[in-house]
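Next come two complexes, and both contain chain A; in the first it sits with chain B, in the second with chain C.
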Partner chain A sequence: MLDVLIPHFNDAEALDLSLRSVAAQTWRGKVRVIVVDDGSPSDELRRAEAIISSCDLDIELIKQPENRGRPATRNTLLSASDARFIAWLDAGDTWYEKKLETQFNTLYKQVYDGQDLSRIWVTCNYDWQWVGGRRRKVTQTTSGDQLKHLYVGDRLRAYLWTLLGTREAFNLVSGFDERLPRLQDLDYFISFVRGGGRLISAESSDALCCYFKSDVGRNAQEIRDCYETIFSKHGPSLNRFGVKFVRRAKAKADFVAARFAKNNRTPLVSLGFRMHAFGMDPRYTLYRAKKSLRNG
Partner chain B sequence: MDLIIVMGESRALLPHHCEPGELEQILPKNAFVFTMPWYSRTAGRYYHNRLLDFEEDLRLQAAAFALVTESSSGLRPALIFPDAGHDDAVQRRLMEMLVKIASLIDQPLTLHPYMISTSAHTDIDRAFGNENLERLLQAGLTIEAPIFLSSETIAPAVMEKVLGNKWINDNIPLFMSAMFENGLLVERSRACDLLSKCCEMARKNDLQLASKNAENVIAMLVRKQLEHVVGLR
Partner chain C sequence: MRQTKLCFVIDRLALRSGGAERVLIETANALHDAGYSIEIVTHEQRGKPPFYPLRPGILRANLRPANEQRGRIRRMIDRLRMKWHRSEWLPYGLRRLKWLSMHGGFKSRLGRHIDATQPDAVIAFLPPSVTALGLARFTHRPRLFASLHNVPSQDFDNPQRWDPNPVDRSFRRAALDRYDAIGILLPEFQDWFPEHLRARLLVVPNAVQPVRSDLVRQAIRDNTVISVGRLAEVKQHRLLIEAWAYLKDDFPDWTCKIYGIGPMQEELSELICKLGLTGHVSLMGDTREIEKVYLSASILAHPAKFEGFGLVITEALAHGVPVVGFEDCSGFNFIVKDGTSGLFVNGEGDRARNLSKVLARLMCDPRRQENLRAGGLREVERFAPERILALWKLAIHGPTEHAAAKFQGED
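Then we have the complex of A and B:
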C-alpha cells in the first residue's frame, strides 16, 4: 500500500538509522521498504544485507552491480514501486514517529475537499542538523508561487524525504534527470510544479523528520554546474519572473556553492563564488555579508 | 476489507468518558477505533454518527479512502453507532451508508457486528434483521455472526469506564437544570467535563457512582461549583 523508497550507497549504519525510524511510525497501514544499493563495496553491502535481514520491516533489496549515481538509483526505485502511495527517505536521515500518520491525515483531508490526489505531494516541516551541531526547525511554506519559491529555496525547499504522495503523482514527472549528479530533486520538484502538480503542507507545525546535513566531500563546482543546468533547462519558467529575479536566484546558487567550498576547506574557491554572486546581485551579496558579520 | 460495527447503549459508548484505546480493549486484538482527525477535531474522537449524513459532502468518500488505507496491513477498523441497536431511522441510515461504502471501495466488504450492553438485553438481531440483512447481502457485503458483549464478558476496568460514561450521559440534564436553579448557566460540553471529573475522582477512590440517588451527588457538585464561583473555595 505504501512503498518507502531508500537509495543506499556505502553506509550501512546510516541505512540502519533510517530503517529504525520507518519501523517506529505510528501509521497503521501496510508498509514495504524498497532499498536500492548503488554498487556499494562488497563489505558494506554485506553489512547492509545483515541489517535488512534483522529488521522486522518488509524490505526488498535491489542491488545495482555498479555505482550509477543518485538520480539513476532513484529512477530504479521509482520503477520498482507498485504501491498506491510512495514516500522517500535517504539512508542516514530519519522520520519522526508521527510523520506518516500526519501526512496521511492531510491526504484524507484532500479527498474530503475534493482534490485530485494524482497531482498532490504532501511535504512537511523538518529539522535540519549539521553533523555535530544543533537541530533547527525548517518550515516549508506552500502558499504563494511555488515555482518562484523553489528557485530561490528560502520558503519551500526541494527535499524528497519530506514527501508523501500517490504513485501517480510521482509519475507526473518523467523520472530524475540523470545528467544531474546533485540537485536532481530540485529539478524533479520544479518539473512537478511546472507539470501542474501542487505541494501542500502537512497539517502540523511540528517538524516531522530530520535531515542530517554534511557538505563534506561534495564538489562545489559540480553543485554550481547542476544549478546552471537546471536554470537553463527550465529557462522559460524562470525567465518569466524577470531579470532581477533570475540574477537573485543565480546569486543564491553561488552562495550555496560557496558554502560547500568553504566546508570542504577551499576558501579561495568559496571566495570566487561569492565574487561571482556580487557580480550577479550586489545588493543581495551585501545583505548576506552584513548578515554574516552580524552572526559573527 | 473487514469492518467492525459496534452498536450498543448510546449513553455508554460515546467518547465523553471512553477513549478509543479503552474501547479497543473490548474489541478483538487486531481491531482499532477508526478516528477522523482530518475531518474535525471532535470527529477525531470517533463521532462516526456524522458519517450517516453522507450526502452532505465528501465525508464518506474520504472515510472510505482512509478505511481502506489504514486497514491495508490487515487491521480491522471499528465504527461505532450506539443507536443502531434500537433506533429504526439510524439503522436504516447505517445500512444505506454501508452499501455506499461498499460501492466506494474496490474490494469485498465483510462486516463484523458487535453489540455492547450494560444489561442482558440485546437488539443486535433487530439491527441486522431480515430486511436490512437482505439489503446488505444484495449489495455484495458479507456479514459475520454478531457478537454480544455484556458486563459479564467485558474486562472490569473497561466496564467501569463504560458505566462511568453512561452515568455522565444520564445525569447531564439533571446537572444542567440544578445549576440553572442555582443561578448558573452551564453548556452541555462543560457539564460533561465537570461530571467526568467527578467520575474520575470516584474511581480514584475506588468508588462507583450509582444510577440510583444520583441527585445527591449532583447537588453536592452544584454546591461545590457555587462555592468556587463566589470565592469560598
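Then we have the complex of A and C:
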C-alpha cells in the first residue's frame, strides 16, 4: 500500500490539481492520500473538503486547527502514515501519469538486487515551470557525492515530491526541522544522506512530475536565514569539503536569496545579498555577473 | 516519526574498541531502534569510522576541523601546540593556557553545535567530554546527562588518568554541577560524590547482549581458563600467571589463555618464560571472535584490582562461563554472587596463592562448574538490554514520580 502525503494551506484549487494527477497514475496498486490542512480559513477549507469528497481516491483529511507551518504539517503527515510505501506531493504541483509506475519498477529492481530498501529513496527528473513561463526539464544526478551535490544544489535538488520510498526509509532520520519555515526538505535530505541513506534515480530520463515555481510573497531574508541554520546544523559534514567549498555554498545561498528578493521587487535587498556573495566568493560572483550580462 | 533528538558526545570514537565506546554504540543503536533520533559528536583528528557497527540513520559529526583544511601557518602552530600537549612541561602560570590549548576548541565548538542542532538531551561519555559539555556555552537548554564508566576516584582524583594538568582535574569536578543527572555503573560509587550531587545520580549498569541459549547449551568446553582484558597493571594478569605456577603440575591437561593487548605484554611474556609456563599459559593478543572464545572456555579468571563495571564478567556469564575473582574487586563483587555464578577469592595474604586454590577447587569439580554456569545465566538477566534501556530512558527524560517509583520497585 502507498500513502501519498500532501500538505495543504489555503489553496483548494491547487489541491484539486494535485489530486487529479494522483488519480491519473498508471500504477494500479492500493493508494491512500493523506491531506493535512494546515489551518486554512474556513471557506477555503470547505472548498477543499468539497474537492476531496468529490474525488474518487481514498483520501483521509486531517485538520490542524491553527497554521503551524510547512515542516510541522509534514511531520503530522509522516506520523499519520502507516503504509509500506510513501510518496510526497505539494498542493499545486503535479505528477505525470507514469511517475509511480516508473519509480516502483526502480524500487523493485533494488529488491531483486538485494538492496536494503530502508535506506533508499527513488527520485526522478522533473519539469520546472515558472508561473507564466515555459517548462524546463531538470535532471537529478544521483551519482557522485550526494552530500556535496545537495549542498551546492546544482545536480541534485532536495524536492520531496520527486521521491518514492518505504516508510522505514522516510523514518531513517528525524523528521522535518520545525525551525525551518523554508528549505526543510534540504535539511531532511542532508540528514538522510548523512545517516547512510542513498538516493537513486528512476529508470527513465523523462520528467515524471512538474514543479510550478513562484518566488512571489516569499521572504528572501527568511530563505537566507534557513540556509544559515542548515549550514550551522550540518557544519561538520559541510566543513569536510574545505573552506572554498563552504564559501561557494554560502555564495550560492546568497544568490538564491537575491533571486527571491528581486522577484519580490526589493532590488536593494537583492543587491545586498549579491554584495554578501561577493564577500564570500568573489570569483563565483563575477562568474554569475558575467553570465547574467551574457544572457541580457 | 522520531520525536526525541539525542546528542551523544565522546571525544574520540574512531576505531576505538574500548568498553565505554562499545556501550555508547550499543546504547545509541538500542535508542535508535526505540525511535529516538541520534547524533554522535566527536572531536578527533582521525576521520575513521567507529570500531563497533552503528545503525544506519545515526548521524556522526566530528567537530574538529581536518588538518588539511587549515592554512600552512595554522598547521605549523598546531604542530607546536601538539608538541606542548605531549610534553610534561607545565609551569604554574601556564596551566590554564595549556588547558585551553588542549580542550578549549572542543568546548567552544560543542557549545556552538548544540545551539545549531538543538537536541532534547545531550549525553556526555567519559570525563573529557563531560568536562567539555559541562563548561561549554550554549543558549539552548537540553537535558544534560554525564555517563561515567569507571570508579569515580580514578576518573576524578587520579593524576595519571586523563589530562594530568591540575586545572583539568578541578574543571572535571566543577563541570559535574551543570548536569541534570549523572550516570554511574555501580551503587557503591555514590559515596564518592558530594552531598549536593547525590540526588542526581542514577545507577545505569551496562547491558549484556543475550546469547542464543542453544549455543550455550551445545557448547563443547575445553579445559581452558581464560582471562580477557587489557594487559595493564590494573587487570593484574601477573597474579593469574603466578597462580598457574602452582597449578600446572596438578592440572597438566588444562591451559590458561590470556586475551588482550597492552603495555605489559613484554613483561608478562617474560614472566611466563621465567616461571616455566610456556605452553601452559599463552598470551593470545586481540581477537574479533571473542564469542567463540567464551563458548569454548570452562572458567574466566578475573584477577583485576578494581573494575568500573566489568563487561567481560557479564559477557562470560552470558556465555555460560563461571567467573573467579577477588572479593574486594568493585564491579566483580556487584555482578557475581559467590557460590551462585562464580567464586570469590580472599584478598588477604598471598593473592596469587589464594587465586590458585579457588581455581583448583573449581577446575576439579565439573558438577560445580555446571551449577555456576546455570546460576550465571540467571544472574545476567538483571542486565538484559530492555531493562537497561528503560534506565536510559529515565536518564534522558528525567524521573517522573511514576517512573521513579517503578524503578525503585524493580531494584
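FYI, the second predicted complex is superposed on the first by the 296 of 296 C-alpha atoms of A that agree within 3 Å, B and C clash if a C-alpha of one lies under 4 Å from a C-alpha of the other, contacts with A are read in each partner's own complex, and residues count from 1 in each chain.
One rule holds for everything that comes next: a contact is a pair of C-beta atoms (placed from the backbone, for glycine too) under 8 Å apart; a residue touches a chain by one contact, two chains touch by 3 or more.
Just so we're clear, the structure is a prediction, and the values are computed from it rather than from any experiment.
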First, second, both or neither for A:242, with chain B first and chain C second: second
Partner chain(s) touched by A:267 [first = chain B, second = chain C, both, neither]: neither
Chain B versus chain C as contact partner of A:41, first or second or both or neither: neither
First, second, both or neither for A:133, with chain B first and chain C second: neither
Contacts of A:173 with chain B and chain C, given as first, second, both or neither: second
Partner contacting more residues of chain A (chain B vs chain C): C
First, second, both or neither for A:282, with chain B first and chain C second: neither
Touching partner for A:111 - first (chain B), second (chain C), both, neither: first
Common interface positions of chain A, toward chain B and toward chain C: none
Chain A residues within the chain B interface of the complex: 1-2, 27-31, 84-85, 104-106, 108-109, 111-114, 203
Touching residues (chain side chain C, partner chain A) in the complex: 1-3, 5, 37, 47, 56-63, 65-66, 69, 112-113, 115-118
Of all residues in chain A, those that touch chain C in their complex: 75, 78-79, 116, 118-119, 171-175, 179, 191, 194-197, 229, 232-233, 235-237, 239-240, 242-243
Chain A-facing residues of chain B, complex: 32, 36-39, 57-59, 61-62, 65-66, 69-75
